[in-house]
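Below you'll find the structure, written out as structure tokens, and then a few comments.
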Amino acid sequence: MTTVGVGDFISAESHIVCGVCDLCRTGNGHICRNTRIIGVDRDGCWADYIAIPATNAWVNPPEMPVDFAVLQENLGNAVHTAFAADLRAKKVLVTGCGPVGLMTIAVAKAIGARSIYATDISAYRLNIAQRVGADIICNARTDNVSEVIREATRGEGVDVLLEMSGAPAAIRQGFDLLKYGGSAALLGLPNAPFEFDLANLVIFKGATIYGIIGRRLWETWYQMRGLLRSQAIDLKPIVTHHYALDEFEKAVSTMASGESGKVVMRP
Amino acid sequence: MTTVGVGDFISAESHIVCGVCDLCRTGNGHICRNTRIIGVDRDGCWADYIAIPATNAWVNPPEMPVDFAVLQENLGNAVHTAFAADLRAKKVLVTGCGPVGLMTIAVAKAIGARSIYATDISAYRLNIAQRVGADIICNARTDNVSEVIREATRGEGVDVLLEMSGAPAAIRQGFDLLKYGGSAALLGLPNAPFEFDLANLVIFKGATIYGIIGRRLWETWYQMRGLLRSQAIDLKPIVTHHYALDEFEKAVSTMASGESGKVVMRP
Amino acid sequence: MTTVGVGDFISAESHIVCGVCDLCRTGNGHICRNTRIIGVDRDGCWADYIAIPATNAWVNPPEMPVDFAVLQENLGNAVHTAFAADLRAKKVLVTGCGPVGLMTIAVAKAIGARSIYATDISAYRLNIAQRVGADIICNARTDNVSEVIREATRGEGVDVLLEMSGAPAAIRQGFDLLKYGGSAALLGLPNAPFEFDLANLVIFKGATIYGIIGRRLWETWYQMRGLLRSQAIDLKPIVTHHYALDEFEKAVSTMASGESGKVVMRP
Amino acid sequence: MTTVGVGDFISAESHIVCGVCDLCRTGNGHICRNTRIIGVDRDGCWADYIAIPATNAWVNPPEMPVDFAVLQENLGNAVHTAFAADLRAKKVLVTGCGPVGLMTIAVAKAIGARSIYATDISAYRLNIAQRVGADIICNARTDNVSEVIREATRGEGVDVLLEMSGAPAAIRQGFDLLKYGGSAALLGLPNAPFEFDLANLVIFKGATIYGIIGRRLWETWYQMRGLLRSQAIDLKPIVTHHYALDEFEKAVSTMASGESGKVVMRP
């Protein structure tokens, strides 16, 4: 039995999982013990053709813009992160406004965050953050983030931290600004171990932390489909550049510049 | 220690609870064993003056329109109901579009429902339902509700039922349209016991049901405040009539007519 | 990739599911839209041989007694029911002491119920109930269940109802004895719709209801394995009769008599 | 209205909270913004007499042994920690076997942990750990903890970590042994910030972390009462020493020695 047919317009979930390990069998396929990732463990996007299992092909509606079809894995990271904590009517801090951070802001807005504070070190990205739903933006290089957010929250701090940067300074600051009893979903990956004040930033606060990796198979994809169909999120401001496939050098350097949202390449 | 001062603009929570019973002490004050309700167990709105405990006075921002300040208990019912189940990116059926049902639609929209289907027997109310966020409205008297909603959901039914009518026919139909594994929050109060097919409508479906009463003390009020501050819900279309206090007979008959949303009376 | 080999000692999960529908793909395989059940939709235990998918074969440790290996589907129903609500340190009422009800008592005890009250109409089964963990047993035919349980709970009622009988009278009484804010997991299947007082028994109480069907694939099986390995549950008193396969008439009439626990037949 | 009378035998909850802040009003009184702690912010156990609010006096049954009455705050920490994650039928690692760690083991056993692995650096305490429910004990000074626990879990690691030591090495090792998708409740307080590999130990694992502080007011006390009434936990092996109040120097040095469980002092 399959849900995909010849000629369907699909997006790929890049994690190919075994389906039989204890994690796959208990709703945790996204952290399957035997995961093989397209483009990492097997041929990926630089290959001329790739074969994937039918179950990894997510059928899109034919009318979906290609720009959105290609960014669903990223959007899935954003949905997985924003859905991990309860954001409804809450004050939310998003640290890091790369493409996934920006999508996270849009998702948080769509599912009822009361206010969204966004930080980054790129003015370009903070500008997009504002367009997709951030109420207050702070440049961690030039603004006093702590002061701005404490004032905006009457000294209470935020209810929820969505950490999308992986930068130790942002992680520490995010937890410092987190309210007692708050929760944090962490997707950004620090490069290395770093000094962290577990006692004051987590334990005394009675905080809850969710480590986020990949997309839940397949809850996240259904949630994503629901958000896209309801047109509750606007991804257009996030896709900032388009390149042809043979312009990949230019594309990659644009991505690295900090002066871009999502960069889309087309064959 | 108190949070309210002389001259504050407040709304009242009508459930005065004991604070010391097992339910109060475990986060279930809304179902306190010793609840006394303003207007039921002690003087209420028809009295010239009433005294309430400071803890029951919820301080509003001075700029809040009186129309919204007076309907916060109703809005709290709506928030309690809509927040009980996970609506995010889900298909939601709201059965019953009285004032609380209408507010529930607005809240469900604000917290990320993918699509909202609303039923009632009053065309007047269904019209408001559409203005506050319902994607599809069905008149249970004149439309084939079941057919409309099955078609809209490709035969799958809805993920979540929010039952605001108390009508046995609506309850049965709501559960019939509920997807396997779905959840239902029930606020509407049936007048009397009625025949219910627990096996097919609940057990075989693996459904979850939440009985909803009052407002959670005080999570619901904080959630409500968050929604109002974010301006994510528009209550204006729901307040349809204003009367002076001595026009109460006219006000009550308007409420009973089905041709009204929320009716506000002012001294 | 498979987890089962030739010669393994296995138990079967009788629900053969599609793996590709929305329910299977979101952790709800137990209510898959395309389920085919061994012995219902395809050959079952009265067949000489049956073939099942490898994924439906649950590998047991070789030393597991056959008596326990054969009753794992039933035990899975019990685990699914007892794990649905939070029983830890709570007062629990189990209505119905057929084999699955008895296992539910054993499971509830193992996961920390404070006290377990069991009802049935068979003195034989109530006797076993006591041996596997019930603190108080009540014969619904001869005892005043309501009085006994109200007294045992100081008038408060129980925190959790596990309904295993499907009898309308037991369901009504169970909900009547349920505390405000309590939760109920329903596995017993009523034969037909019946009069139910949703307002007083569910909504005013702020109760939560879980409809339980089958076993979660495969969380329930892992939970079951954990309980069996820890030797936290004693199933021996529940297996009361053994028959050879060709004594099936005697076996079936024993099951129907109410004077049995689990009846095991061996080829 | 009060629940305590003259002559009642009570235990004290040492956190005196305001009852009106946002945290108190939303079920998070244990992290109240205005907490004043008996013995820290106001007179405590070295005073001749202290006054506490009636709400902080938890009425014990008259027959409760004094030894258990005095350790309920500690037991409450243990209950809060063990109840934070879902332990049912799971493999649990408890790092740190001081008095609260030992109680945590007893509680974890009572609420259905499949197997409990305990680590400490005191052979004396590990011996008690075994008596109250640990299946495997490891001396972090002399055993290869990692090897022992990996072997006991067939290389998979544990489902749940309960961190009761505050020692950076134990915290790192605990997370290293945590299964993908596992959860960790942290009560032990590290003295200072330390290097922590958030990427590999939390994010990639999709782990969930609960910071635990104090006792939930008053869920934890009700859960504790339930466990004590059901006699599901045996605290006797944990109370190892008794002293008169004027032997406090000896008592304190016994506590510091690592060669004790809970030390009880009597006036």
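We call the chains A, B, C and D, going by the order they appear; numbering starts again at 1 in every chain.
Assume contacts are C-beta pairs under 8 Å (C-beta built on N, C-alpha and C of every residue); 3 or more make two chains touch, one makes a residue touch a chain.
Remember, it's a predicted structure, so these values are computed and weren't measured experimentally.
What is the set of chains touching both chain C and chain D?
A, B
Cα superposition of chain B onto chain D: how big is the rotation, rounded to the nearest 5°?
That rotation is 180 degrees, given to the nearest 5.
Return the chain whose centre of C-alpha atoms lies at maximal distance from the corresponding centre of chain D.
Result for the farthest chain: B.
Report which of A-B and B-C is connected by more C-beta pairs in contact.
So, comparing the two chain pairs, more contacts are at B-C.
Hey, how far is the Cα centre of chain B from the one of chain D, in Å?
Comparing mean C-alpha positions, chain D is 41 Å from chain B.
Based only on mean CA positions, could you tell me how far chain B sits from chain C in angstrom?
36
Compute the distance, rounded to whole Å, between the mean C-alpha positions of chain A and chain B.
Centres of chain A and chain B (C-alpha means) sit 33 Å apart.
What parts of chain B, by residue number, touch at least two of the other chains?
In chain B, 22, 26, 222 touch at least two other chains.
Taking the touch rule as given, give the residues of chain A at its contact with chain C in the complex, in rising order.
Residues of chain A touching chain C: 1-3, 18-20, 22, 25-27, 34, 55, 217-219, 222.
Can you list the residues on chain A that touch chain B in the complex?
Per the stated touch rule, the residues are 83, 88-91, 110-115, 222-227, 229-230, 232.
Going by the contact rule set out above, which residues of chain C touch chain B in the complex?
So the residues of chain C in touch with chain B come to 22-23, 26, 28, 30-31, 33, 156, 166, 171, 180-181, 186-199, 202-213.
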